[in-house]
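What follows is a short report on a single structure.
Each chain carries a letter (A, B and C) given by its place in the written order, and its residues are counted from 1.
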């Protein structure tokens, strides 16, 4: 069928600069650049370009540029370019539109409407370069009170397992298969160096990464890939994945061609078979079933690890979270609307769920109203872009955040949203050995460590500016936030006041 | 209130009782006395009056009996103050020149941002002593603390000299303060006694004093001993440790562009 | 006085920021003394306040009613008095009610009517002391949240708070504090920055027999308050100081922590410091912080917390606000400035500046706290039970 789709991007090549070195041709995994020996020129197939910028980055003579394909659609508020293209794609294939990464729609980013406070005169700001500034965070269930033996002064209260984070930022769940082993190793090494955690996702734990176990969250999802007693006890936290922000209520499907030998070994399934992640966990049809699985995992890990439960942020998250805490979850992970994915139906990604900011505010408020906030730590993800977002999330009530997209961007990702194609030119979201080798775990870890060191320092500057020297004093302290450009109802939902009030 | 005395060398000495006096009245009186030619002023019953010595730009001597208030000698340029008692917070704040001698202890942020002058404290100093002291040209502030100090000694220190003699330490003679010299990027801190290196800022280097350092230490010890009637030789016994800034620009690699 | 009933702002962020003078004095032998000296001492730090609040707490002043709750109530109107008295009569046995004697003081403008009530709780309503105290706290909270024309500002046994808008020396004069005798007094001169002073907002803050005077700002107030609200405390006084009182009440009375340990909750030792401690102490402090991280009081502060038989001075852990300790004979003094102590005790025997985050505790019948030159262990020399255990075991 002749496609009616116009090219999305155009490759601009400065012929005066191009030296026909063919780096672009070699780097492009979408076969855009093609050398014609007869003409001694490199030509581009614009219709294949996804604007991943791999060729631009590696072109030694800066001969390349990528732009939007110059094609003006007739102005129409309802039928813009994307809507028309989506219809054409489906008309030509009859399929569900698939995409990768997080939604690119203009849902309100509440972080950009929240502003942090700083001290002036009445209390001194504290300079983190010279004075202690504590960003250490412990995840896990906390007792409501400390019981002290009056005779000895010793603590009688038994402490549930706690996980120490050097800074309140962890890496989101991204499974082997969705991302490459080199990316997972980059994350694991960085997490270890930073004293934080990376997350296996649902694809099992490769033997090569077991040594990073103390900095690993092992995930148990609907497919139960790679889950056995050794796996559960290999990590620091066990996480039950109910859903993710990019595709609430939707399962997954790792195509058989990606189940190569190493993936097969890690997921403990035969090579070449499709790895299906059902939409629900088939042992959890209700809240009491969640409790059953939580306690099964506690038994399986001798009550030495916090059990985390991850859900997508949806309309009634507050009530769900309350139930999760009562079901025994030690950590709740909320993944918001803007969270990313290796593959999801576009219509789900862009239309289902709620932004993380409002879900976080609602859940924290509800748990406090019910007096059970201490029983679980609250981790949020789905749209954390920088340390300002982290600080605002903590002020709204989060204990820590997960970052996925930001971590991948640090490794080169340009959000071209082609994860589901397996052709990632940056070698991130692919299992093609020619591409995965583009990530060197040592250099990848360096980039990630650098990123979070910078964030940690910025968080310290924010805390110091607020006149506090411990992250606990920001956590849930919404008096340090003000809203700008929000309606009364939005302010009320977020539990913050209008700037100036 | 002005009383002529027959002190020698002939100084014009005046006495004053500050009991119940507000600091504005006291300091205005002092300025009048200096304008009137007083070279030595003795003040009794000092109790909490602030800013004594501020804005008295003359090389006069002031003897204080009692407990002067905060910011003793703030922005001071010239006078020699002796306190027969303890000093409170902010003693020698942004001092430029002159000398403060305290027959007792001093409070927090002693010598904050001082650019010159000398402060001698017989006993201990509080938090953040010598914070952000700096030097410029020939001006080089000195803080000598007979005892020990509390946390953040020499924080942000950019110049000048701090000497701790540890006379109030017991037993192990270990100085018990945290975050010493954090952010230090100039000047030197000399300690008699020991300090756990884990309690130093990461910008701080440790060495033995060299001969030039010892010359300075010996002259300051001599001055301290003379001021407070201590045995100079005894104070020079036991090793000294020098703390110095490892880098002039400790934060050169903190920022990204 | 217009704002007397302006309470319980659901946002709570019009907290008053205070730069202040604080003073405390206690005779650990239990000998009582009048308020004359403490008025002189706090008055000498006049320049640290701005006349928008002054107050005193005194312990041991009502020995004849030592077993009764002494409610001190300020009234804005006659009808407010009628309503609250009716409320009190229906919930307590009112043994005695009387107007608190006051003097006319030129500097004190438009004072409220102040009454005190000596109350007994019907023990048929409460099984034990804990329940009785909860009963009292609940009704204080209820009155202060619900009645617009009256305010309970003191509710303990054999103790009282006297406070109002004015310089503390004038407030002391107004309430005739030279005529009361107690073994423990604390005082406060206030410099609020962002709300008009109101009588209820002056220090000390009180719940049951706990009082707090505070210098500084608690920058962690927002989360401290949200945490305490989970335990039923209602922050009605438009200031950050009351969270200290409620936190102490929660930790000591309800959770049974020793004072020294509660101090380590409010001014938690730095993680970097814990690394150098022996394992049992390290684990204890780590657990305390994990459990009570939301009660860490952050920002610059010095507080003097008192209750029957005990006075505690505490600064923030990096000591951003001042505190000087003095001792002489059986007297313990705590002050923002040393000069104020020396003014009333010229022959002071000891004066020192305590380390940040370490409590200075005066206890009836105990020896006075002593200056420590060494402090390599967190708990060194502070009668800390765990330390004895660590050394012994």
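Keep this in mind: a residue touches a chain if its C-beta (ideal position, glycine included) is under 8 Å from a C-beta of that chain, and two chains touch if they have at least 3 such contacts.
What you see is a predicted model, and the numbers here were worked out from it, not measured in a lab.
With respect to subunit A, maximal separation of chain centres occurs for B (centres as means of Cα atoms).
Comparing the chain pairs B-C and A-C, the larger number of C-beta pairs in contact belongs to A-C. Taking the mean of each chain's C-alpha atoms as its centre, the chain lying closest to the overall protein C-alpha centroid is C.
A straight line joining the Cα centres of subunit A and subunit B is 54 Å long. The geometric centre of subunit B is 35 Å away from that of subunit C, both derived from CA atoms. The distance from the centre of subunit A to the centre of subunit C, with each centre set as the mean of the Cα atoms, comes to 47 Å. Each of residues 152 in subunit B touches at least two other chains.
Counting partners per residue, subunit A has 131-132 as the residues that reach two or more other chains. Counting partners per residue, subunit C has 318 as the residues that reach two or more other chains.
Every residue of subunit A that touches subunit C in the complex is listed here, in rising order: 119, 121-124, 126, 131-132, 134, 136, 138, 140, 142-148, 150-155, 157, 159, 162, 368, 371, 373-374, 466-470, 472-480, 497. Taken in their complex, subunit C has these residues touching subunit B: 44-45, 47, 273, 276, 318-319, 322, 324, 337-340, 342-343, 351-353, 355-356, 373-376. Every residue of subunit B that touches subunit A in the complex is listed here, in rising order: 152, 155-156, 179, 182-183, 201, 250-251, 254, 256. Of all residues in subunit A, those touching subunit B in their complex are 127, 129-132, 454, 457.
Subunit B makes touch with subunit C in their complex at residues 23, 46-48, 50, 66-70, 85-86, 88-89, 105, 107-108, 124, 126-127, 147-148, 150-152, 168-171, 174, 176, 178, 198.
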